[in-house]
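What follows is a single structure, and I will ask about it in a moment.
A, B, C and D label the chains in the order they appear, each numbered from 1.
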């Protein structure tokens, strides 16, 4: 950690600050020039609160040098984490394929789609039971009934199920019944929910918030991991920018960034990123090429009548064709589908 | 609502879509030119889901004309809402002054600050008991103990207390014990929490999310109001932009925008917006001049040793001086402090 | 074009507006509901200024339905444009490979790099002679001397040269001596420069501005094309967002968007996007997979001593290895390198 | 300047880097801990290029401590600069009032508006002769004819004229005929234009780019000042964010930021920021309250028929009323109108 002091800070004030920092267990080195006073903090700075030092009126700026996340940090865990989901792996050589509708609508729909995507090569079934909708007047999902339908689809197809949790009340139930618990973009910094999920043992699919930077995403993973659950899968689903042609801007640079900073796997959601079904194909190809560990894609048998997000869902036949086209790209980057 | 169809949509397909829309209870008018087909939907379009129509592959775009919020809409409630908090009003002629520390640290601290700010003219005491922190290793607040200390401070000073809720578990307790329940920026779209708060009857201070637009803020207010609790106070605390000199970018345009769109009061939090204590004063003046209904400001007796956000807190004497300087501006815009 | 009127607009005022619009040569259809008045404008709306209609105090909003660009529009030119540069094509089946240093430093450097990248498979040489630098105190490029050195490198290698223009003064000279004239991101809306380039006949490489949306990029292309020069190559080089880990956020969704909206080719600059040399490889792969027509990459023989942007330049051997790895991805998407 | 090295950098490599830095004339101090190596650079670092050091593969990050601007820096010029325009001052106690139409349309219009705004208290006349328009098909301004009309209006009213320059070709003419030369947001980083303006002696009104941060604005001012023209007036006119309700987001925090970092005056353009005429009044009040040195406002006698930007123009009577309302706010912050 580096502390820049104001030019006119007195020796006395420098000493006071140095002492208070050393009392927190770090070593402090001073660099002093004509118009520059720097304190370099060496040692375990993880317990030192950035904003507390900045509150000192002699401090110009505080910069951290080491990443503030630990359990998610590649430095302390150089090998990539491979998450095991009922025997299937996420983060290894094989690319994880998660597919299914935005929301579970009825038994016939979810079983039909599950069978379709399984037949085409998907390894996991996604489907929303609890839906975070901007408007209270929009369809909010089938809730617990949707969960039951997902379980029936799992029984029929053997596909592990991925579904979004919205309330800490449901952690226990989800931990028993769901194979991968999804935290949506809007809840990425719902810290109470993250803490509860830290006590679960199911893998958590953590989506990046619409305006969260890479470090914040890793800090939210850290919340879950610090609680004891180290099975975190990160997911990029587009960030909010000034561009309005796409619903969000898919930030594929996050994949090499995460590979550099962390050992956690990262998958891409091209459906939510673009908000346009015809962009799913090219963005999926780019996601595999950039090194993503998986794809979560909205597939619906009848997008025009889907209860939500039909405009970004593709039909099973389009999904099947896409997987075929992805195979050589996966191979080109040393992975398999 | 307006639906733009693709140029080459057949008469048959136009009729199918028209029929399916009319089945939802709206009247559909068609405008057709050489390279333009528009359907104008007239009637109650509130139950029609935007994204469902967009899923139709003949649809180019859907645009809503009327705002999707109702209870928060000025059109149906032209008079400004004035929220009553134990006899004090927010949203009327008098500007609400909420002040206090980022987090409650101990009894002496919170009572000391409460007495100071009351003496200087503040009408409400703020203080965090549950703190949403980016890092799991940062101080997380005193939790229920902090709440007890706030209650003691209220008893001593008579100031109503404002504090942040982070979990739906706590709604019942907060509804009994807290005067204004704050929803933080990160939870603006924590819809489960909003729904629970819709069943409470305490006023809710709803902060704008870091990347939420004005319409989304009003839709989150709508969640609470649709549940039955119409006492919502909006709060702007800065949005996330590319600018890094300030922690966030305070968007003061939201004040006239809300006054045009809604009847709900809106207050400004200059402390979190700038993240710099020396910006609190000019931004507070701008907030009053632009027409805000109140200010929520971080005041701490010893910012350099505050357990959080010291760099953006001002001391009581600075706060007192600020209030003096705000008075003539309030008067200039027809308000009083 | 669609005009939404305020609910309480009188019949008289609607008629006045309708007449004034019809006087501009369009047909106006009215849709009127309980709380909705829409005017649908059919015909040639390209000469009608959006903001002029919005200035009418009865107008709530104006929305355009058709894209405001014409010559760049795919609707009127369904086949992709293939730009010919001294016999090499950009926009066809073969992916264009442009490589070279950020800035031309001396004869030995530029010839050495030109020979290297040519040997590895690049088809075009890039190199900055005029450099747009944020600081007036940074190296500003060798200017005309740099241009001469580029010409020597072209003579030695046969590679067409791509270099950035910064002033309308230089259009004549560049048009004579340069093979592809680059307009940098900061000048994307330097309309006077664009107009001058419309009179040139060399292909223009137009980079997207840091905060320009897709429509604005196409409107800037339209400026050049409206002047008579239809040889425009678009280039995405990252947009400015809140993320600070990367220098900019590479928006790969622009590739399918442009392919849908326009016939112009689009290439990707992964070097400027990320600002980190180790991201060039994965982002280049993603660019090819998403369907880009080319790559412009910074290659330097000695990045650590480069006079600018060394942190985002790769060495020739890394570039060679990258091209090998790109080949199977290009093949997978039906292209060749 | 601070250089963070990678943990595993060898002593030998540290020495090499240190030597190469010292060769540039700075003193280098090393701080070394278990997993942290920092070099603190003391002395004149202004000639050292950030990106050149980052290109060294052992370097993790480079952070500058001192602002990269000098002539614009408050540190070396603690007193605020007061710009003299034909005897009127900008930056002093009196708030500068610049008003006029978006574009000059004809003699009657510009003289009429000039007389109106002068009568109401404006000190400067603005009016566009050369207009930067997103579309090549929109009205581009009357060009030199517009300039002549502005000069007639100046002669009639005595008001100094402010108008936008778009091409370096026009610097000489503008320097002779215009009182304040405006650089628009899109040209803030048109460095060739800035360099030419550095040779002029008229005051330059430099508008912040839509996605330019505060430091970049000051660096653009530095370009002009480094050329010899120190008469720069900064102008905030809204930045581009994800919010779409307003055309841009007015960032009023820039005013206290500039007051802290620089001695240059800063004025606010509420018309372009909001893009809505009814927001001009509250945003102007906020601008004065936050400490701006002036206001540039679009005033048109007939907004509904203005050739551009009518939706954000106010009528003279509204402008007059606004000035009356601004007076007590100006007084409250120790200024006069």
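Basically, a residue touches a chain if its C-beta (ideal position, glycine included) is under 8 Å from a C-beta of that chain, and two chains touch if they have at least 3 such contacts.
Chain identities (UniProt): A, B, C, D = Phospho-2-dehydro-3-deoxyheptonate aldolase.
This structure is a prediction, so every number in the text was calculated from the model and none was measured.
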item: Chain copies touching (chain B, chain C) - same or different residues, decided at half shared; value: same
item: A-D or C-D, whichever has more C-beta pairs in contact; value: C-D
item: Distance from the mean Cα position of chain D to that of chain B, given in whole angstrom; value: 31
item: Approximate Å spacing (C-alpha centroids) for the pair chain A, chain D; value: 39
item: Inter-chain centre distance, chain C versus chain D - centres from mean C-alpha coordinates, in Å; value: 26
item: Interface hub residues of chain B, defined as touching at least two other chains; value: 211, 240-242, 244
item: Chain-level touch network, classified as line, ring, star, complete or other; value: complete
item: Residue ranges of chain C in contact with chain A within the complex; value: 211, 213-215, 239, 241-246, 249-253, 255-257, 260, 273-274, 278-279, 282-283, 285-291, 325, 328-329, 331-333
item: Complex interface listing, chain D residues touching chain C; value: 46-47, 49, 51-52, 54-57, 68-69, 132-139, 166-169, 186-187, 189-192, 195, 209-211, 216, 219, 222-223, 226-227, 240, 303-311, 313
item: Chain B residues touching chain C - in the complex, by the definition given at the top; value: 2, 4, 27, 29, 31-36, 38, 40, 42-43, 60-61, 63, 65-66, 75, 211, 240-242, 244
